[in-house]
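Please read the structure below before turning to the comments.
Chains: A, B, C, D and E, in written order; residue numbering restarts at 1 for each.
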Amino acid sequence: MARERPPAVVATRKRASRWLVLALQVGFFVLVTGTWQAGATTGWLDPFFFSKPSDIAGRMAEWILSGYIWPHLIVTLTEAMAAFAIGIVTGVLAGLALARVELLAAVFDPYIRIFNALPRVILAPILIIWFGLGMGSKIALGVTLVFFVVFFNTFQGVREVDPVVLNNARMLQASDHQLMRHVYLPSAMAWIFSSLHTSIGFALVGAVVGEYIGASQGIGYVVSQAQGVFDTTGVFAGLILTSIVVLCIDLAIEALERYLLRWRPQS
Amino acid sequence: MAVPAENTPAAPASAPPAIAFEGVTIRFATPSGEIHTVMSEVDLAVEEGTFVALVGPSGCGKSTLLNAAAGLLFPPAGTVRVFGETLTGINPHAAYLFQQDALLPWRTVLDNVCLGLTFRKVPKARAAAEARRWLKRVGLAAFEDRFPHQLSGGMRKRVAIAQAWIVNPRLLLMDEPFGALDVQTRQIMENELLELWQETRKTVLFITHDLEEAIALADRVVVLSTGPARIKGDYAIDLKRPRDVAEIRLDPAFNALYKRIWADLRDEVLKQEEGAHGA
Amino acid sequence: ADMPQVKLAIGGPSCLCYLPTVLAHQLGLYKKNGVDVEMIPLKGGSQALTAVLGGSADVVSGYYDHTVELQPKGKILESFVVYDRFPGLVLAVSPKYTDKIKTVGDLVGQKVGVSAPGSSTDFFLKYALHKDGKDPNSVPVVGIGLGATAVAAMEQGQVQAAVMLDPAVTLMKGKYKDLRILIDTRSQADTRKVFGGDYPGGALYAPADWVKDNPAAAQGLADGMVETLKWIHSHSAEEIMAKMPAEYVGKDTALYLAALKNTIPMYSKNGVMDPKGAQAVLDVFASSDKEVANGHVDLSRTYTNLYAKKAASKLGIPTE
Amino acid sequence: MARERPPAVVATRKRASRWLVLALQVGFFVLVTGTWQAGATTGWLDPFFFSKPSDIAGRMAEWILSGYIWPHLIVTLTEAMAAFAIGIVTGVLAGLALARVELLAAVFDPYIRIFNALPRVILAPILIIWFGLGMGSKIALGVTLVFFVVFFNTFQGVREVDPVVLNNARMLQASDHQLMRHVYLPSAMAWIFSSLHTSIGFALVGAVVGEYIGASQGIGYVVSQAQGVFDTTGVFAGLILTSIVVLCIDLAIEALERYLLRWRPQS
Amino acid sequence: MAVPAENTPAAPASAPPAIAFEGVTIRFATPSGEIHTVMSEVDLAVEEGTFVALVGPSGCGKSTLLNAAAGLLFPPAGTVRVFGETLTGINPHAAYLFQQDALLPWRTVLDNVCLGLTFRKVPKARAAAEARRWLKRVGLAAFEDRFPHQLSGGMRKRVAIAQAWIVNPRLLLMDEPFGALDVQTRQIMENELLELWQETRKTVLFITHDLEEAIALADRVVVLSTGPARIKGDYAIDLKRPRDVAEIRLDPAFNALYKRIWADLRDEVLKQEEGAHGA
């Protein structure tokens, strides 16, 4: 038992082995897709509505090999990343500003909540009027989704700053701007990253839904076409492909998070 | 006391020690990727019912040793035994008074003191009554409905003391419990601790920076050396019991002990200072 | 080089009712007739219309009835070539209720699915009830969309009947041989029975000002469209399908082909609006939309046959 | 200056007077609606797309007075609250479980991210196929939106627990269940509440979008109908009415938050 | 020193005091809604260049007084003047060593020590060099790349000391700075403080629980009474300067002072204990 232990480990939580995790992940995947495949084959699930994992995999392979999907994927990702970037910047800035300036927060608080409750997908036609049928409207839709998730977490994160640490920095004559940069922002970092995991998904939702409503390229367009011709396989293939791409982006975010938050005790 | 006492009277000499470190080595990874060995092959056994004080220079590894005794740290080499059994998780016989603030910020003073009893499923009313008794002992009866952030530093420490003592453990781990208290309050708390220990013959492992305090309270003073920590000295304190912490300091034997241990300790600290300054 | 550029917004391009618009592009007939068309697919007819009114696109390929509907709201839209002479709407009964519902009259008090409340399918249902002497408001409508949701709602019996379009109808018919169809406006007979004449479905229309300012583009579009219609009626369904982009056809080519065969009679032969059809559209709206009923809609401003007739005469197609 | 000060106030942040805040809020409202109204009247904004505030207010009054809107509102709110409740419970439980059991987290982590990236609005048809045209499918859509926001924040909140406080509770012999209840949950509370502010909006978005896609009642149905006949006034009236209701719910959440988090130092 | 010194040589007697509390009253709302008056009409003036130690029972309001001097608390009645000017925000002349851990957890030891210089826009390289000098002085040269959570309690405190001292302020507010240090390290730090103060004639306001420390370091020891806090006693410490903290304790005058102040303090503590126990 005492053979090969890492430098210092807290007693009760044993780090699960990589292989076990991988095995369980694969097992879970096999279980779900296996059930699905079996269900669709035996007719318990109507393949018309649910397709079949084997068909979906085949379709994805076909798209990738033929190169058909790449331009669409690139368009969607461009839109999603633009929405993500804009949403983060505006959300963090608004969160910092409102958390710091009490009057601003008090005044805009109800308006922000109202906007957050607006079903933005329904407003998509108006966004199309404003931002046109190109990437603009998809990015705008994504931003309206990402913004609020990031905003609320940043706002709360700033308020969670340890008052003693804050006072210490103030006594050391930090200017407002320095407080922001050296105290509030690092302190809110864990909060902001938590919101990024949620909002990367929403950035993509914005792009895909925007394309779904009106576009001539992008994954949303592909899915919309497939849905129009009752091609469930195509719908699933498009969605799953996108999700996998987002997973990769999310892993990159996590790597960044691990680097930026390296100062915290590992639990 | 309302709480069922877990403790037994002083065990026969053949009984296993209350706590035994056997070749305990602890390392941490430093940010630059090196391995920092905080303590290397430490052996230390504490017989049941004894009061042991740990002294040593700042940063030498005292808290780390206590963490290992509590089962919060899992040493990569060596074993920690508690009443003969190898520790693999949280030490179930110990109460731990942390060096840092460790009160639950979302519970009032009263609820914080009750905590251990609540976890042991003692009925609410009985737990509250017991907690009030303890709050009186630490001089905070008037503050039971405050939240921790509404207390001063010394008051928080006293709440933590009540929180640890109320569960009446067999083994008490205390990390600089009285450092934040003013002299008078400190003497009161020290006497309370001695009384508690005498009554129930707990085993106590006590970290302090105050050598006088260590000698006044303990049966045995262990001096830790600096990086990597080793046991530098181990002194039996054969002063009369029961003691009063204020009076015992006037005992000439006290002074002799003080000088001996101090000489030892001073070496250690100077060595560390040099090391640090030289680095 | 200085070909007029046109952004053409289509609502729901996979609907067979819009096929001629796409086909014309595929055959290169817009370009041949001097317009450079950019196709912009949108989710539905109303989104396409919104895009044009908002200035993101120039011309809508969608159902003519919106031009009538929007006139009382101050939006003057003018249709200049009609490619569907029947609307293609089908009122079908859920397979679970085949025995219970035999006529339009039986629908009273039952839930009926439409693509969305307030859509053409909804108006069609209300008009059919009105024609049958029933109160249009005696039938609660449920929005079920046009695609798989509509099929599921029908199969699961969540609605007792629904107004559907192809390819959903053909799909249902393929799954349920005894699917009961109460009204089928893909055929001339039913369309005439319900509306008393042809009833315009898909058309190219644009803000009246645009048509006025861009007569060359409008003419080019009309020419391309009429030529396409001629092409359709002189080729087989298989040949048409072969020309369509793969993503519009989907993987189930048999279904597509069957639906296309059902739909071909629906396409106009000459692109010209039947004035009786326009009147019928107005009647449909007047039966349930107060604003249109009181709005003194001037039908002559909603369409022009100038361009279509010119196009037809160039190709020697009779325009009655 | 030293006349009437509250018991003890931190120096640099002066609490803005209620009246000033109210005045600025009303001012902002008047500014926005005034510009809108003027724009729509002068033709700078096309009332066909943007309607007019006066018309919208009139429509809302009409709906409320005639009683037309109540049944729809009640349906939508029922769906939204059900989705909200289910989403919170599942999100918090999943967050607690995954944050505590490392193996679970490691195994399910990629799947959760993948699901979070799925554009659920596009899946709405599938939800309708599964859960029918009634409330079920709207609730399901709302849950898929609420769940992830709550989950990610709970997960992170649990990990943010002060390790010293945690160890203290463990030394006091807290069982796993007691740790959860007395340490992890209160510690994550600020995180959870932050996610509730975002997700109450999403609960409503789920309900309204679900109704918009297929339903026979609810605000989404009303809006969809209005959009079908190009009645922008109706669309805005429906959306704004819903938002105002959400605002009220959110204020209730905030009151609860203030009560549950009364233990923290006021900043 | 690389940092421009703000301080001036000891001011003439007519100059305004470095810090003056005038009728300062501080109250907190308790959870039960009552108003708890922590300090009531406190008057205290500290002349520039003097070293004042504050002693008093735990929870009597020492930290609160320091917070008011720092401008972190805004008293509802009374005024705090700094060099003659009424304080309305953060005190711009003061450095504050907090009782609690106050290091920025996301900055390494070196960056934490640099912090005040960074805020004053001192070039990075110069700030780092200066910080390294200070780290050596507090015996932590080998730990510059650690994050605060990787240090022991006493080490964190020493980092905080370096952080506060590096900015070379006119006014030093210190809340139990040496409580967590072992005796030897503590003496080293005390001597450093005295040297620093002697060199630049800073004004120091110093809270401690250790009356010996107070007398050994200060020009003046102020005893605070318990709830609501008042100034109970104010003793001038006229021991010779410069002092060595270890030697000065052997001075007979030291012992006399100790006894006088202790008698005063003891009363206070006993009173508080009774009050609390009686409540």
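Couple of notes before you dig in:
As a convention for this text, a contact is a pair of C-beta atoms (placed from the backbone, for glycine too) under 8 Å apart; a residue touches a chain by one contact, two chains touch by 3 or more.
None of these values were measured; they are calculated from a predicted model.
Top-ranked chain pair, ordered by C-beta pairs in contact, is A-D.
Chain centres here are C-alpha means, and the one lying farthest from subunit B is C. Inter-chain spacing, taken between the CA centroids of subunit B and subunit C, is 84 Å. Taking each chain's centre as the mean of its C-alpha atoms, subunit D lies 47 Å from subunit E.
Look at where the CA atoms of subunit A average out and do the same for subunit C: the two points lie 39 Å apart.
Annotation for subunit C: residues touching 2 or more other chains are 50, 53-54, 147-148, 152.
Contact of a single residue of subunit B with at least two other chains is seen at positions 28, 31, 72, 90, 100-101, 108, 147. Shared interface positions of subunit D, defined as residues touching 2 or more other chains, are 12, 49, 125-126, 129, 170, 212, 227, 265. Put simply, subunit D touches subunit C in their complex at residues 46, 48-49, 125-126, 128-129, 132-133, 212-216, 221, 224-230. Residue ranges on subunit B touching subunit E, taken from their complex, read 28, 30-32, 55-59, 61-63, 99-101, 108, 136, 139-142, 145-147, 150-155, 158, 176, 179-186, 188, 209-211, 265-266, 269-270, 272-273, 275-277, 279.
For subunit A in complex with subunit E, the residues that touch the partner chain are 164-165, 167-175, 178, 182-183, 186-187, 189, 261, 263-265.
The touching residues of subunit A, when paired with subunit D in their complex, are 12-13, 15-16, 20-21, 24-25, 28, 49-50, 102-103, 106-108, 110-111, 113-123, 125-126, 129, 148-149, 152-153, 155-156, 159-160, 163, 170, 190-191, 193-195, 197-198, 200-201, 204-205, 208-209, 212, 220, 223, 227, 235, 239-240, 242-244, 246-247, 250, 265, 267.
Subunit C makes touch with subunit A in their complex at residues 7, 9, 12-15, 39-43, 47-48, 50-51, 53-57, 147-148, 151-152, 167-168, 171, 247-252, 255-256.
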